[in-house]
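Worksheet for the structure shown next.
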Amino acid sequence: MATELETGSPSVRQIQEMIREGTEVELKLVTGDLLAGKVRWQDNDCIALVDQYDQVTIVWRQAVVYLKPRVA
Amino acid sequence: MATELETGSPSVRQIQEMIREGTEVELKLVTGDLLAGKVRWQDNDCIALVDQYDQVTIVWRQAVVYLKPRVA
Amino acid sequence: MATELETGSPSVRQIQEMIREGTEVELKLVTGDLLAGKVRWQDNDCIALVDQYDQVTIVWRQAVVYLKPRVA
Amino acid sequence: MATELETGSPSVRQIQEMIREGTEVELKLVTGDLLAGKVRWQDNDCIALVDQYDQVTIVWRQAVVYLKPRVA
Amino acid sequence: MATELETGSPSVRQIQEMIREGTEVELKLVTGDLLAGKVRWQDNDCIALVDQYDQVTIVWRQAVVYLKPRVA
Amino acid sequence: MATELETGSPSVRQIQEMIREGTEVELKLVTGDLLAGKVRWQDNDCIALVDQYDQVTIVWRQAVVYLKPRVA
């Protein structure tokens, strides 16, 4: 059985909201890479990002530095 | 159910105080980036920073190197 | 006895599906390296990748930044 | 309730002693930064350093590479 | 008492097999270093590598990016 | 109370032996630094190194990449 995602913590909840609203985000990674797209799903280990060509990238949480909504 | 933030530890408490007082801080990240702003909230995984344009950045604790109040 | 892999979480399940379907993937690592190949197996610590010469590379999960299916 | 700091382990105890004695230390960080100052407090997550201008820097343990007393 | 190594997981088992068979491997590390040699032993924290001059290097698992058998 | 060091695991035991025998070692760190000296003590979080001038450096285990005895 899988460990449930802690839906009560602010960071998980806010990302959940971004998924529902299709918010464009930027994800900065430990390698210095900056990915842009919409969050499609999250679990305890990963955050999945979809870019404008509908290409999915599964990002490991351990490699995330920061996430921010893109300014329109 | 969410794991509660350990409000008894000095580092969590001091950040909590910075949130209340709206202290300007600098956050150094593992990528070498230096973010500036005010801490808006914290949970077990993240610290949310707001810059002067009211733009929120959710920073993962695992990527934080140090935090210091900005000298006026 | 080994700790079972959490087959219920989306990221583990999707990688499991890529193994079954022989999907070509790219794996970005913390060193900045980008490996290409098919996922052969995964466990709690590692993901094994096989390249076009059938050479196996055992990658530690802790070193993975992101994984994405290669665009044809 | 907060998890208590393990005051029985040598590293925690030695840092506790440096706090009492006001020892000048150098702290090397994963970013390559080298901070100098006196340790003011420590908890399970952080070590707080005070520089010569009485400016506090809260350093995350996860980002510490080494600590050494400064040679006079 | 020591925590037992999880001999049931594929990655631990395959490394155990490489020890028995004296397989030449390459070990990529987070610093970008690439070590070559044979695995002599492994435990929960480390993997010990022996080079051609019988010099032992104790590598921390946390610093391992990938391991692959050397192509003859 | 402090968590006991796992003296049963090979890596801890071998470092314990190096302490007793005063073995000269090289310690490679995640920053790329290479420290040389003798191991004075170890606990669950740190390894303390003493250089030829009897200067102590407390190294965090999390920052260690590899350790090897220096070749005479």
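Residue numbering begins at 1 within each chain, and the chains themselves are lettered A, B, C, D, E and F in the order written.
One rule holds in what follows: a residue touches a chain if its C-beta (ideal position, glycine included) is under 8 Å from a C-beta of that chain, and two chains touch if they have at least 3 such contacts.
According to UniProt, the chain labels map to these proteins: A, B, C, D, E, F = RNA-binding protein hfq.
Owing to the predicted nature of the structure, the values given are computational and were not obtained by experimental measurement.
Asker: Moving only from a chain to one it touches, give the least number of moves from chain B to chain C.
Answerer: 2
Asker: Starting from the Cα centroid of chain A, hunt down the chain whose centroid lies farthest away.
Answerer: That would be chain F.
Asker: For the sequence-identical pair chain B and chain F, what is the superposition rotation angle on Cα atoms, to the nearest 5 degrees?
Answerer: Fitting chain B to chain F on C-alpha positions yields an angle of 120 degrees.
Asker: Going by the average position of its CA atoms, which chain sits the greatest distance from chain D?
Answerer: Of all the other chains, the one whose centre lies farthest from chain D is C.
Asker: Go ahead and note the Å separation of the Cα centroids belonging to chain E and chain F.
Answerer: Going by mean C-alpha positions, chain E sits 19 Å from chain F.
Asker: Out of chain D, which residues touch more than one other chain, so two or more?
Answerer: Residues 30, 62 of chain D each touch two or more of the other chains.
Asker: Report the order of chains around the ring; begin at chain C and proceed in the direction of chain E.
Answerer: The cyclic sequence of chains is C, E, F, D, B, A, beginning at chain C and stepping to chain E.
Asker: If you look only at chain E, which of its residues touch chain C in the complex?
Answerer: Residue positions touching the partner: 6-12, 14, 28, 30, 32, 61-62, 64-69, 71.
Asker: Using the touch rule from the top, collect the residues of chain D that touch chain B in their complex.
Answerer: Spelled out, the residues of chain D in touch with chain B are 1-3, 29-31, 33, 35, 41, 43-46, 48, 53, 55-60, 62-63.
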